[in-house]
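Chain naming follows the written order as A, B, C and D, and within any one chain the residues start at number 1.
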């Protein structure tokens, strides 16, 4: 082996590595997000092109996987290194936690100029602002308490949409009789949680949801209503197919699309799957609020939190925040993503039936005070508590905990995580 | 010796060999299954994947998924496939492997041929570095990289891989040089060779087997690393595994399994190549001393 | 007999050494120093830092506020942690045991002057080359009852075949073992093969002359001679078992429920997704203590032995 | 003044003192053999001379220069190792030239020097080979070539023949001897083989447990061993050691009560007080059959003893005799007629006897 050559090679490679180190240009935004699939990426491209027109280059930092958990790890590394990205896709309590670290930028001037206070729902503002200052630009509002039904299967079962849990059970029995999987579900903690929170809302109503989930009241978490919730979960479990464990949500959606399953409880992002399969709302599928949750909306909103990057980069950052709240982008993005705009002053004409219904529900809930954060997506509890609750929910659903044990464990887990 | 003498007729010997070959072939097939699934899926169409049997051969093989994975698949907002990330990984792996191997060789050399009081403690402490869980070092590492201005750069990533590869490379070379005759070093000393001359001219040229083992080990580990890659690099500078993860585990949208599988095979090609080509030398290198570690 | 001295270091002790001498004598240590310093900082420094962090109130990011043993109380009151440790015990024992058994078995078969060795060897070795980021999906499918082996068997007409471990909370940890063994056993095979090739042929000839059968030659002579390989394999596998992370995440994500939680996934999730960095650090400290308990006695005996 | 001087050399490894104050001198062109059993410190001493080990105290002087603090490469020495220590990655040619290369000798000169050495050692046809392609004897020769090419002040040999088979060993031994005679090189040579020591050395140093037992010419060492250890170690078969008591007549009574009294030549008997316990040392060649008796000997004693072993070597036959539990070995003519169990008449040539004090082990006369 020629040693001289190797050492030269090593030196060369090291040099190369040095040169490859990045330098940030002034008019550039680096965006950390986990929207890596085709549709989402296409939607983001709208924003990217928008910014490019204003002379801002877009440095993409996609980190997919684990519903953003890999992205959060990357973010920690970047912030710890003192080199945060310009904007980061964040959810719920994570926004507060990061703001608390004192790394957020201030968007107050921009928000005042563009009047964000008036058009963004207060329930959402609670997360977009930290100690009264705007730190994030909300992109969209998802709602999680939806039920997606295969129209053909529904028609076969009588065509009547269920409006409460009992009717849901009847319908699921009918699906089962058709020989299809009644309820398509993917057995991962956040999906289990999504289903659970809808059942909580349906069983106990908005006030109980606030008490049990938003306030994590120990009595509510172990009371009779909660027992009913867990019993319902056990009941719903019997309508799953045997392979639900660990399945991605979109595969479950595909089962409903193909008619192999009758229904799926899932957030409105699931609509994207239907649309991409060239299915029409109303004719091929039906979107309804999860039975018993009409009038309330559990929300989950993607926001771009702006990190304090200082200097010239701040200008690009402000431009990006403004572009996110631009109504044209809001429409373009949300029609693709299946969500509804984060601002309430946007016309619904470009949206389909489900979208229109979503926007109407949102406005209604926002005024009624029944627009509440989703637990599974980090808008109800900080991460520690959320994950502790999901632990119990998941283990119960997988038969590792009995209902009684779950009722005992739930307040304990919450207390331990606080 | 308790065992009785066993007479082996030619017939039963042949039967025994059939059994051995049968067992090996069966095991080989089992080991190949996941690779087979990946390859056959990457050649199928999406419809065939959804409807068909996972283990069935592709009915109408097509390399469309491969073309897409290489040049068209979307990773984030840009849809240019994984080809660019391939080069990213190479830029990271080559210097990291070369530097960590070289340092390991030097360390092994000092720890066996230039011993000093406490050399065992030093070696033991370095060896322990192999066992630290990487998740536990992310945050402080990020802090130090940031302070050194290496955050989010390939140089930083190379550094991290060198640091956490040192324990292994030192172990390999130390065990190999342990068996290397001291007399050769003495002879070279008398001949007038200095510390580095002895290393370059005498030890390193005789280290072929252990260099192969070390390079294979380091190359595979660094190429396959995801955790450091995702934490200490970003966007278009990410290594292959991060890009692959973005491609494969996108949270929404239609899953193109054939493209995913093709991309996964692409990502695995270099390490597969290294193992297949150098497999023989790998066993030989292990024989040459690494096993005793 | 010559006595070979272990220390060919030349240290002039009595006369004043020149600068060049000093440099030459210090050079080996100087060469080792950067590596050692790096290890000190990036391994031991970070371990100390982690230990310190486990005594703070850190949540999402490190906060250097003293929290006493709070994180440890929390850790040991987490049912997840007990599950993780129990799983590590099951996984670790089976993973190490089966890898060694299969690795040795294949190595012995491969050592019978097999004609196709050049083809077979890479087949057994290649899993080591692939990360679970690459093979995770294929494995998930293969183990999934609706898509993989069970489905195939049903398609072939074996309707009663059942293989649903992946989705069965009681059995899921064993699927992790299967995939883990698949990945590492080839590497163990290579180690044993190297060990077998290194055995002095005359010993085997002597045993044959003594009338030992092939089986008893392996059982009584060869396998005992492979003791150092067993030890190396154990250490390599033990550290891989403790560090296993990708494997679980790719296969089960820790589920169903928390059925396949391991200490490594526990630590990661508490540190990075559950914003309880102090509890995550406490679990890391526990893991490090476990590793120390395995490694240090090994190192001690290993380095002592060579002293004599 | 001596060319190589070792003065009060001490070496501690850990808490063990391996060399306990060694003093040796060697003239230029001398061939010094360090001999002793395993663990006597001979290799340690050689390594210390080479500079491969740090000294604890004492001095090593080569040609008037104290070399204690000099690096091995600066001592102008060359060493041939037991394992030959040929660089496996280099050809024979490169191996021999390596030291010159390290010293910055120009390429052409190196080639010339290598060619010359190769010619001397008759290894020209091997120059392009690698060590792994050589036989043991060839490797040995290359190792010597590597030392020779340097023309150093002192050659060091560390058991260079121990890895060769018996026949080759004798051949190479002769070659080394010839080499020394032709080049007049100063050589320090370590071996545990006393025949090598006897055949090669101009000066032998016998070491035991880190101490010099005796320094002398081969003849001195063989004929006048300083103590029981040297007497026993040098020579094969070993010297016969017979317990005895000095009689009033100046003879020595051997073999207890039922034994014989052998007369002593006056040079010995004059130094022995009567009644003293002694050990009588007689080399096997000093005990013979009658036919081999040295006609010039002044003190011959005949002893009848039972034959317990007969070892023919071809040239001689070694016969072991036994009286009253004490055995001795005699070297007889090959054609002597002797049978096991027979009582045989041995002739003791007491001119060659050495007498030791059993308490101190030192030679009395």
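Brief remarks follow.
Assume a residue touches a chain if its C-beta (ideal position, glycine included) is under 8 Å from a C-beta of that chain, and two chains touch if they have at least 3 such contacts.
In this text, all values refer to a predicted model and were calculated from it rather than measured experimentally.
Shared contact partners of subunit A and subunit B are C. Counting C-beta pairs in contact across B-C and across B-D shows that the higher total falls to B-C. The chain with its Cα centre farthest from the Cα centre of subunit C is D. Between subunit B and subunit C the centroid-to-centroid distance comes to 14 Å (mean Cα coordinates, whole Å).
Chain centres here are Cα averages; for subunit B and subunit D they lie 56 Å apart. Averaging C-alpha coordinates per chain places the centre of subunit A 90 Å away from that of subunit D. Among all residues of subunit D, those that touch two or more other chains are 47, 51-52, 71-72, 82.
Residue positions of subunit A touching 2 or more other chains, listed in rising order: 66, 73, 76, 80. For subunit B, the set of residues touching two or more other chains reads 138-139, 141, 183, 186, 189, 205, 227, 245, 248. Of all residues in subunit B, those touching subunit A in their complex are 50, 74-79, 91-92, 94-95, 98-99, 102, 138-139, 141-143, 145-147, 150-156, 158, 200, 204-205, 208, 211, 227, 230-232, 234-237, 242, 245-255. Of all residues in subunit D, only 47, 50-52, 71-73, 77-79, 81-83, 85, 87-89, 98-99, 102-103, 146, 150 touch subunit B in the complex they form. On the subunit B side of its complex with subunit C, the touching residues are 1-6, 17, 20-21, 23-24, 27-28, 30-35, 37-38, 41, 53-55, 103, 106-107, 110-111, 113-116, 120, 122-141, 144, 163-164, 166-167, 170, 178, 182-183, 185-186, 189, 194-195, 220, 224-227, 241, 244-245, 248, 257, 260-261, 264-265, 267-268, 271-272, 274-276, 279-280, 282-284, 286-287, 290-293. On subunit B, the positions that touch subunit D within their shared complex are 181, 183-184, 186-193, 197, 201-202, 205-206.
By the touch criterion given at the top, residues 4-9, 24, 27-29, 31-32, 34-36, 38-47, 49-50, 61-62, 106, 109-110, 112, 114, 116, 118, 120-131, 133-135, 137-139, 141-142, 147-149, 151-152, 155, 182, 186, 190-191, 193-195, 197-198, 207, 210-216, 220, 228-229, 232, 235, 239, 242-243, 245-246, 264, 267-268, 271-272, 277, 281, 284, 287-288, 291-292, 295, 299-300, 303, 306-307 of subunit C touch subunit B in their complex.
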